[in-house]
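Labels run A, B, C, D and E following the written order; every chain starts at residue 1.
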Amino acid sequence: MGLYVWRRLLALVPVLVGISIIAFALGVLAPGDPAEIALNRSGLYTPTPEQIAQVRSELGLDRPLVVQYGHWFQNLLRGDLGTSYTNGRPVAGELLRRLPLTLQLAGSAFMLTCFSGLFFGTLAVVFHREWPDRLINLMVNLLLSFPGFWLALLLILVLAENRSLLPTSGTGTLAHFVMPTLTLSAATSAIAIRLTRASLLQEMGKPYMLAARAKGLHRFRLVATNALPNALPPVMALLGNYLGGILGGSVVIESIFALPGIGSYAIEAIFTRDYPALQGYVLITGTFYVLVMLLVDLLSVMLNPRVRLGGASSHG
Amino acid sequence: MTASSHFHTKEPIQPVMTPEAATDAHGEAATDPPHLTLDALAVDFHLATGPVRAVNGASLTFHHGTIHGIVGESGCGKSVLGLSLLGLLPPYAAVTGRIHYRGQNLLQCRERDFRRLRGRSIGLIPQSPQDSLNPVVPLGRQLLDALWHHALPRSEKQSLLCRLLNQLGFSSPASLMQAYAFQLSGGMQQRVLAAMGVAADPAWILADEPTKGLDQISKEQTVQLLKTVTAQSRRGLIVITHDLPMAAALCDQVSVMYAGEMLETGPHTLTTPCHPYTRGLLASLPEKGFQPMAGKPPALGTRFTGCAFSSRCPAAMARCQTQKPPESRPKDAPRQKVRCFLYA
Amino acid sequence: MDKQPSLPPADLVLPLLLLGGIALASLAAPLLAPYDPNQIHMAARLQGPSATHWLGTDTLGRDLFSRTLYGGRLSLMLALAATFLSMLLGLVLGSLAGYFNGWPDQLITTLTNIFQGLPGTSFMVAIAGIMGPGFHSLLLGLVITSWAGFTRIVRAEVMHLKEEPFIEGIRCLGASHAHILFRHILPHLLGNTVVLFTTRAGRTVQAIAALSFLGLGLQPPAPDWSVMISDARMYYRSSPHLILVPGVCIFVLLLSINLMGDALRNLADRRSQEVWKE
Amino acid sequence: SPAAPAAANEPAGTPAAESTAPAVAEANTPVDPDAEIVLAGRRNLAPGERDAYYCSSILFVWEPLVSQDSNASPIPGLAEDWEMSEDGHQWTFHLRQGVTFHDGTPFDADAVLANFERMGGEVKTSSFYPLHVDTHYPNLQEVLKVDDHTVQLVFSQPAPTQLYNMVNFGSAMYSPHNFSEDGYFNGLAQGTGPFRLVENVLDEYLVLERNEDYYGEKAVANTIRIRVIPDVDTRFAAMKAEEIMGVLDLSAITPALAEELVKDERFGLSSTKSTMIRFLIPNGTTFPFDDVRMRQAASLIIDRETFVNELHHGFGTPTTNILNYSTPFYHDIPVAYDPEKAKALAAEVLGDQRMPITFYVNGGEPLQKTEAELLSVWFSEIGLDATIQVMEWTAVREEMKAGTHHLARAQQGLSNSEAATIFRRFMLPDGDQNVGYRLGYDNPRVNELMAAVDGELNLDRRHAIYQEIQEISAEEQPIIPLFNDVTLLVFNKKLANYDAQVYGLDLPAIGWAE
Amino acid sequence: MLEARALSKGYATGLWRSSVTPVFSDVSLHLVPGKTLGLVGPSGCGKSTLARVLLRLIPPDQGSLWFDGREITHLSGKSLLFFRRRVQFLSQHPHTFFNPAYTMKHSLLEALRLLGDGSPAATFNQLTAEASLAPLLEQMQLRPALLSRYPHQLSGGELQRLALCRALLPQPRVLILDEATSMLDVSVQSQILHLLKDLQVQRQLAYLFISHDHEVVRWMSDEVMSMSSTGSASLVALV
């Protein structure tokens, strides 16, 4: 296993390099001359060709792509993601400044998703075909059919605008996070519930569940301690996936709720073609994703004794 | 106290006393001994290809405190009968008749009542060991699960299990408890299941082929354990098996099943067989000549009017084809109950 | 199992009817629509439902009912095409990676890891920027951002199935890898895949809606529900029908897709429900 | 997050606390006149140290030498008085006395010199206007300190309109200790204005406090917090929930939402001219818009009345003039709408052919797409079949640079009220927008007139020249103007004196209503 | 025919696969056409593992495998598939040996269908294949109706017999029987064993017969090998 972990860590290298290549390519492929954009942030000033040429050579844009990438990558390793075209600040610093907020949001949404996914999923199976199951199913279908930003608008309308129960937007107190967390986790919670339920039901059909039932275990215990470990891998993959993607998923939510996280940074970057910022964003979400997935993989390997303990049949 | 310190203690285990066991232990006086009585039990599976009647009107009483063996043709409905006692048949199985237990008819139980029964009153040692162990839950947890309704501290449960496993021939129960099902050989899985069934210490244990795939020593250990459990705390034991010598040695009563019906029941079934089928069965033992019976059993879906065995019976008479033989007691073996016109 | 007491495909009827209705309405839109969906009539803008305009008119006085009829076409097509393509890719690559250890697995896993880490919305916008906006770049963007998810799920599932003892049984018969994959592993996946498909199709519709929300969805003036919604955002407080009509349509579409997924899984899971039922 | 705890530790000041406070106050208890006022805008009004200006002028933190009145004419700011030399080569400014920056540094000629020194060197970028001495002070040779309170600018060419260039952003003054080595800022902006900036959390909020030492009329409000809420709908909701008392800055609220909001009696609306003009960019370098008749046709077919009234709820003034109505040089030219003539003109160009054209709009601006849909219906009447492409603005600009567009939608704000800037950029062959947008506009008469402007010291004659150019622009439509925009603000009536201004809001005047 | 030379096998165990638990070492055996080698030994001594190694389902740690005079220890690809079709296996766990999603008929016919795999000459014909099932079922005392069921709808003995059917269908030359009759009643058991003997004579099959029932082993086998729990194996005479 120790070896396994090392191998997995080693396998991260090409992934990270791949992500960096894509991020880099984003800047290269995208229309627009970085030199010019850098010179003309407000769009009110036309730089002269000489100025552009000078900046191009300063930015190394006149060199072959490979060299550019190498240079860019070197800077990357030093934690230098370049400076934003739009406000001239170092991208790395800006991302770091905004990251905690997004992580906070992501973390709370993730926890909510985990909890509701596992809890309601299990509950639905425990009360299979009874009213809690039906109710949960209904809730899941409604949540899944409701576009995320609608939920955001609706929540704002009802809870904040008409009732003043919660602040509409911004940061500060825990209350500020309630609505963004809810919206961010709604759809995924629904999917997680669904998947947990389906996965559990599948397990419940396995012969060893018959044996477990023969022990007279309480329904809840039966589902939670006997079927859940088997049903977990797909759910975990989903949750990990979600956590990994959550940094990229908060784009619209952050802008609606006026949360200055990296999602709203990305949106600004998109609209202003601020490629260093976008590159930084892609890198950071990509890396985060990869790390999370590594964790999930290791976890599910730990949970699967056959893989962990070498019962796996090798293919000849 | 660690589990491994019990390695070589060979003292027989003291099964935990459930409230039920306690009353039983004190109580010959118990007004309602927890016998299990089957009354015209029938199980039908409604399949797309037609109905299958796996158990066909079996009536039988399992007496508490005794070991009752069920032997018979493979596929004659033994496991189905067992599962019907626990209410574990699939929902498309239609169970009719009655199962009396402690004054109630189990067939009218709801799932919840059944759940209370399972493990506490009737425990199961399932037939297919590989199928019956959860592949991703360590064996220790599964074993502990069997003890869930005992209010014992975890460590005590663990040491109890260790002793049990020890008795079944596992030299290091502690490491076994950490292992997973796939790491065990077939025989080991079989014994783990046996331990699981016994550990819960239910009033009744239903063991479905508990000794198959076991070598001689393990088989003896398992049999010994089952015996001890029934004898010491007066549990009831139902053993389904194909191992006739073992059944003969272990059981107080043996029933012979054939095509969903009980052909013969009694204490001497395997020593002084009455029914032709039982005799044929014994004759197929390797040491008794290894001669199979001719023919094959009838399809379970069809309703035959006569004796189920009549088509293969060497002593078949004309009415065997048309009439069901009544249950009768042969004169020379009055404690046997046989369904055959030979004794009618 | 003829006397199957579990849900008959009755629960499939409603979603099928709904989906069929939506598909039919979209297809027959030219026949059903009372007006040209793009015909502007500034004098009659922002009207509520009336006899002439059943569902009212939008900001430019276009007939909302006609636009709604046409509005399902693109989203639906896009969602189906994108989901289908990414699922196909996911099935092929995922089962290859899951079944064969070694370099195919490593390569595919690396690729999925790279692609799945890409932030969806931003990446789609970037692709639109590179390729120019439109149906094709949306399709490409959707596929690129979702194939990896499928692959990962399929791979995990295949790795799991591979360990089942019955696979060893089939190997004993001298079955080739192809046989095991196609005859034993893939059919097992199918139930899940169909469900995944529906879930994903729903999410794709949502992704399209989110892009439209950013003002970067399908190109005007083609009527599209998600675009209609994002256009209506300006007015929904004063003319709620503008957002309600396409909103309800999307909602019903998503709902029927989801119900469909549920029903299909019920079908696929018959066996497990047989056992676990009280 | 670095910002969140700061806000959370401040019990009275958190927006959450704020949201409940007014609700309580409703029960006719008099409002504490010093209670914090929370407003919101779309973007960072104080982008911070790395911005050439640190913050927008509408915060009244820094002040320029030359300010402007509501008609956009130059009025004294930190310079009390000025005169131009006969030949137009020298401008002398008499500085206001007794003014100190927020950090206590006195405002004097040295401070002005320091600011001018900073304007040299590299162009400093900003999200408002780039800062460089050459853009605001073309041909500036020297800045001389005459005495402690007099500064003289010496130009190599006559600079009769220099005053307009200096308005607002052109002559922003900061404490000389405020600058970092590279010419940006080393901390919060230290200006001389009626408000001092006391806290600035990027992307979240900033806090202004009344400058008690202000030399002029002091601000009414004690503290003003301005939050950043990017989404207009959320701003609306925050208004409704009384979390914020008003909105400010560009695109503070859309006309539709503003009208919706004022249906509720608690809220008021204030609007005035803005410096923004919204227009179409025809690609004058390719067919069909390289033909002036096609541009005229396109302009004539647009029913600007309907356009403004229906889509913008009447907030705006239709125009065909390239110049925004906020400048004193603006010449009012009647707006022509003549479909028949348009069709005739188009037919001359296109014959009986139809022409597919590509029309780019900015997806970030919610209404542009709807506008384009409406416009393309009209254009189809003159034989143009528009394909609308919605993209981000940067992408649109990129496309324009590549010349793939036939039409695009754009807007332009007038940073100072000097009309020549606009003419130069849009109508001279080497004007940056003319090139960048591919207007392809080159009119010898305009070139001639603009050359004459450079040396023209007489304001009346300048006026005449400007008028002629405006007439030419209306006639030839190098760009196709749609309407002059308004500054549109909404506020809670608990605030008094919430008046929109050409560029922003009269922040020092606002306060709690009695 | 199938020969093992000095095979050793161990499972990696312990948390994180750190240690290797040896199961058996230095086991050599030779399966001869028309002869049965019995294999006995205490539970958990490695009999099933040996079977799986012989079948090349898991690789041996040491030693070599030979089939018809060719080394097959490292065989792969097509030739491995052909080898597997010649050598069939009857698992100790018939319950888990069938794909739960398919009917028994499908699973059985698959064995035949697979025979055609890769050799264009052999074509699979559903009808003849089904027909060829019938006599075999008859001999196993099974009714054809069982074929339409799924594995979980069958009794243990029925499954075991169907597993045997599946193993016999490809006309193998070597049959490895792991507890082949553990779930059968004695009558059926003796019938099956008789059948196996007959088949052996007819087709010159080689059997490896793993069982705990010494009587049965003695009756079936020409030679008996005993494995000890320490993992060594030797030929013994059963008494």
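As a convention for this text, a contact is a pair of C-beta atoms (placed from the backbone, for glycine too) under 8 Å apart; a residue touches a chain by one contact, two chains touch by 3 or more.
The UniProt protein names, listed by chain, are A, C = Peptide/nickel transport system permease protein; B = Nickel import system ATP-binding protein NikD; E = Peptide/nickel transport system ATP-binding protein.
Keep in mind that what you see is a predicted model, and the values were worked out from it rather than measured.
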> If you average the Cα atoms per chain, which one ends up farthest from chain E?
Replying inline: D
> If you take the mean of the Cα atoms for each chain, which one ends up farthest from chain A?
Replying inline: B
> Between what two chains do the most C-beta pairs come into contact?
Replying inline: A-C
> In terms of Cα-based centroids, which chain occupies the most central position?
Replying inline: A
> In angstrom, rounded to a whole number, how far apart do the mean CA points of chain A and chain E lie?
Replying inline: 50
> Can you give the whole-Å distance between the Cα centres of chain B and chain C?
Replying inline: 52
> What whole-Å value do you get for the distance between chain C and chain D if each is reduced to the mean of its CA atoms?
Replying inline: 44
> Centre to centre, by mean C-alpha position, how many angstrom separate chain A and chain C?
Replying inline: 20
>> Residues of chain C that contact two or more other chains, please.
In response: 125, 129, 165, 168, 214, 271, 274-275, 277-278
> Touching two or more other chains, which residues of chain A qualify?
Replying inline: 31, 207, 210, 270, 273, 304, 306, 309, 311, 313-314
> Among the residues of chain E, which are close enough to touch at least two other chains?
Replying inline: 11, 13, 57, 93, 95-96
> Mind pulling up the chain A residues that touch chain B in the complex?
Replying inline: 207-208, 210-219, 221, 225-226, 229-230, 303-306, 309, 311
>> Under the definition above, what is the set of chain B residues touching chain A in their complex?
In response: 86, 88, 115-120, 123-124, 126, 128, 131-138, 141-142, 145-146, 148-149, 180, 182-183, 193, 196, 200
>> Give the list of chain D residues in touch with chain A in this complex.
In response: 1-4, 7-8, 14-16, 19-20, 23, 47-48, 50-51, 123, 125-130, 132, 135, 202-205, 227-231, 233-234, 237-238, 240-243, 364, 392-395, 397-399, 402, 415, 432-433, 435-436
> Mind pulling up the chain C residues that touch chain D in the complex?
Replying inline: 38, 40, 42, 45, 59-60, 125, 128-129, 132-133, 214-217, 219-221, 231, 233-235, 237-238
> Which of the residues in chain C end up touching chain E in this complex?
Replying inline: 164-166, 168-176, 179, 183-184, 187-188, 271
